[in-house]
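Naming follows writing order (A, B, C, D, E, F, G and H), and every chain is counted from residue 1.
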């Protein structure tokens, strides 16, 4: 699926973030949305990152998802290079357990928004990206609506099981 | 401009949030994007809120911006009713100065994303909404690109003034 | 016991909260107070939740206990639908360890109180609900008084054992 | 109104808390619920406090509301003496702005619940107490329902004004 | 040693605090200072606690050490009953890891001091108590001075080992 | 009074702390306990500080009170030089409002206790020092007991005034 | 002085940081160290920033000082472009009062250090830069030593004034 | 390598910090920079520490790296004795997980800077020290530049592996 022109770019700063960021990729697969997943550190490979954002835009990436821990600059740096939506995922890492990355991602200055999701909220990051793409894609919108209904049903079923004295 | 079919719904829980949330409306005006601004509390008028979200979707609202302070449930409750992107703005209010609202908005559970911006980041909330709309609107995209350039120039000019011994 | 008309409604957003919320049910059993325990997510099944609160009120539920982690909106949303007391239990979940849920539950705006207990304080939530019911139930009040005495004795016995050089 | 046998006991540790705690008294007056308002410090007058709780119970106080700042022990100490519901209000005071009092009140150990409301949430404390009393008082319940409706209407009216271009 | 008239009273609210509070007792033994160790909860056995403080004062207890977790009221309640120094030890317990107990113990209001030590600082609590007793006990003062020197030597020896390429 | 041999040494790192630390001196005056008040920064005048502690001990200073803001090292450094009790007062200063100084003072490592009081708790610091001195001074003990009674009376009087409809 | 080849580059993201960052410039002037002060936002002018760092290195800038508030990425982005020391100054700005910027600056990942100073610690940032330059500049080293002595004297003089009963 | 005159002094307060601080030593070895690693507690061996700093300066130590947990005074105390750069490393230790040490190290008062790195950022501390030394050492500068390039390549290689469908 990654050979198709990607609509979503999923970036992380380090290989160690792969297990968490991979959940965003799984959601993309589930919705059949082409994506590209990359390891590009804002701090260790700043030129590569800039190149990736510019090429990504040209390739057709519509939404960027960037996950980072600690002083998480990755989403903000991407947002400095593009006018496309950037979703930031604070990752639990180190002893402050993601509070540092949440603040480093959410507290962006005026003019350069980053759409922040929950700490380790990689799945929601992908869903948010798909919500954005669905604004102009009826098929994707229908999938989102049915995804939402399935979630509702799943909860209601759990509730029924509990009620039956499971 | 509010008579045109709105694309962005700006909601706040209390009249006291109007000065801050009004900045989001100003950005919409600047980009000539029709919006609707409403006061609907998630806690005091829950049925009205549900009605607003469903009617809003039908009316054509593509993106919801919700600002709230304290235990800020407004964006999350809107997100529970819609599959469209919801942007949450934590507002400084009360003695914890927005840390409570930041956590109440950002830490959404899996399946129901809210795109969180900075505390009092109403301007960025509007820009983020416009970035989303611009994904399928070339004119809006061009405006965003030139907005970004203007910001860059403004900083560079300030820098020049400082260099000249201002 | 759950077949009798419930007086206390215990709600959680996800099956994973069952071990913690089950402790509230155990206290209800210990005091012989009929309860109903349900899994209804405020975010994934908002309509079901509203229905549950309205039906619950009619069925005779006097006090609602709602436990939630992260951006814990469940107690607040229930409180938006009912004038009956709602007790909120912040649950440890995710990397902020319940500080997010404590603030999301406690910092309710004026007009819509939620009685917040300690993080993971499910047992105390049930005791608080029973204290409320005991205001008009002498038998329950006597049980509470003897429960309090038993706790006192237990501590005093532990103290004696320690004094004896255990 | 304070001459009638009080149902609610409002206690604070210091005269300086009077402006905030007075809002709880105003809600009591609005609902015509007799109350007693007292200044009794848990730390400076511990014996007086114990006496007040025991006499209060006998006099007919059903619910205790205790407001305190800093290391806010007042609600917890009252709860150690009574099996009746105790509502704790963390008050903004000192440089930590109520975070200290929120934690000192909410994080009660198992067996001794305190129903914690928001920082400076004195109004909600009174509403919560009235919700408890209304469990066995139909007239009070009707007042609560109409209070809730009035709040809803007030928000809806603000919304209408805003829509009209206020 | 506990049969001799105790000079230090070590109190904890729950048996589960024994491993940590026992370290305070060990220091007392090391300095040959008679102590009494007790389990008396401020919340579950408030009358017992008052009795213990008054009897303790009469028995000759000069300094109280109280350890508690969560909303740690034990040291503050003891301080409300006595004019003797009270040392409070915040204990790690629950999901906030002692930050709640640190604030609940340290942030005492004017007039009722509690000498707070580090989270889980039971050993330092005992040393502080002994420093107080040593103000009027030359023998104890000499022991403290030699304890301090031993600590210094131990560090210097570790340093030497490291220097030698250990 | 400062000419008499001081029993309490009150130290601060900067002249700007004088208004707050002066309250500790006032309490000393009220109890007629000789004290010495000094401005000696742990960071700017480390040798002077060491000299002060050693001379202070010889002069008869029994208890050290040290107030400091930000990364508040003053009490800990004094404690490294003396076996006498050191009371640390975290002072509100800078944008973290004393949370930094509270942690810098309270979280001392094993072996070197500092008796920490509340943020800006200069009055309590002096009372704690006097409690320590009173362990071997009957007259001072009597004064403390009557001070405690006066505080109790003051609260009870405030309560009476409030009851009378003030 | 700014015409001479600068050794220190002082950068801020916004004109509003000028009053605080200007204090760093004053220290440079006091030590007669040539510096360049610039306004270049990491988020609004990312290409300009990269250019500045590369040109700065060539021009002879040895140490970079970067001040930023909120999600303060400026120092980290500079550090991604240079192997020269970067000093980051978290600035108080917005409702979290610099805690966000402190964490965004200090919590850098392995490989890309930023030397973080206190919130609003612009003066110390300049002193630290000068300490670095003084490692290979005897004259500067002598100035630092005498600066340190002057600070010591100033404190000792304040102490003397206080002792004299000022 | 430790026999050569050391340029970097690595100090820790306790043997238990050796595994973390050892990483700083490894970086020094990698860059072939002579260092001295010592265990000297600011609190337990204050005179030894002063002696070490003065002797260290004479021996040729140019930069001090000090790691400490809890109320981490070590870097600040070293900085009080020297005009050479001091790098402070907050170490995770105790229940606050390094937030206490971060604040105790970073929030230094004006005049006495400490270059703070991330919690447990021992590797970055060494790199920062080497950056400082490289200001007047071309060979070291070249090593730093190639180190930076190697890091960049490592990330780019990881990215390539991921792209290849690893």
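The working rule: contacts are C-beta pairs under 8 Å (C-beta built on N, C-alpha and C of every residue); 3 or more make two chains touch, one makes a residue touch a chain.
These figures come from a predicted structure and were not determined experimentally.
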(message) Taking contact as defined at the start, I'd like the list of chains shared as neighbours by subunit D and subunit H.
(response) E, F
(message) Strictly by the touch rule at the top, which chains does subunit G share as contacts with subunit H?
(response) A, F
(request) Could you let me know which interface, B-D or F-H, is made of more C-beta pairs in contact? (result) F-H
(message) Going by more than half of the contact pairs matching by residue number, which of D-E, D-F or G-H reproduces the interface of E-H?
(response) D-F
(request) Could you put a whole-Å number on the gap between the CA centroids of subunit B and subunit G? (result) 35
(message) What's the distance between the Cα centroids of subunit C and subunit H, rounded to whole Å?
(response) 49
(request) Mark out which residues of subunit D touch at least two other chains, giving numbers and ranges. (result) 13-14, 41, 44, 70-71, 94, 96-97, 99, 106-109, 111-112, 118-119, 151
(request) Please list, in label order, each pair of chains that touches. (result) A-B, A-C, A-G, A-H, B-C, B-D, B-G, C-D, C-E, D-E, D-F, E-F, E-H, F-G, F-H, G-H
(message) For the complex, give me every residue of subunit B touching subunit C.
(response) 13-14, 41-44, 46, 50, 69-71, 73, 76-77, 79-81, 94, 96, 99-101, 103-109, 111-112
(request) Report the residues of subunit F in contact with subunit E in the complex, numbered from low to high. (result) 62-63, 83-85, 87, 102, 106-119, 121, 123-125, 127-128, 131-136, 141, 144-145, 147-148, 151
(message) Which residues of subunit B touch subunit D once you look at their complex with the stated criterion?
(response) 2, 13-15, 18, 37-41, 44-45, 48, 70-71, 94-97
(message) Can you tell me which positions in subunit A touch subunit C when the two form their complex?
(response) 92, 97-99, 118-120, 151-152, 154-156, 158-159, 162-163, 165
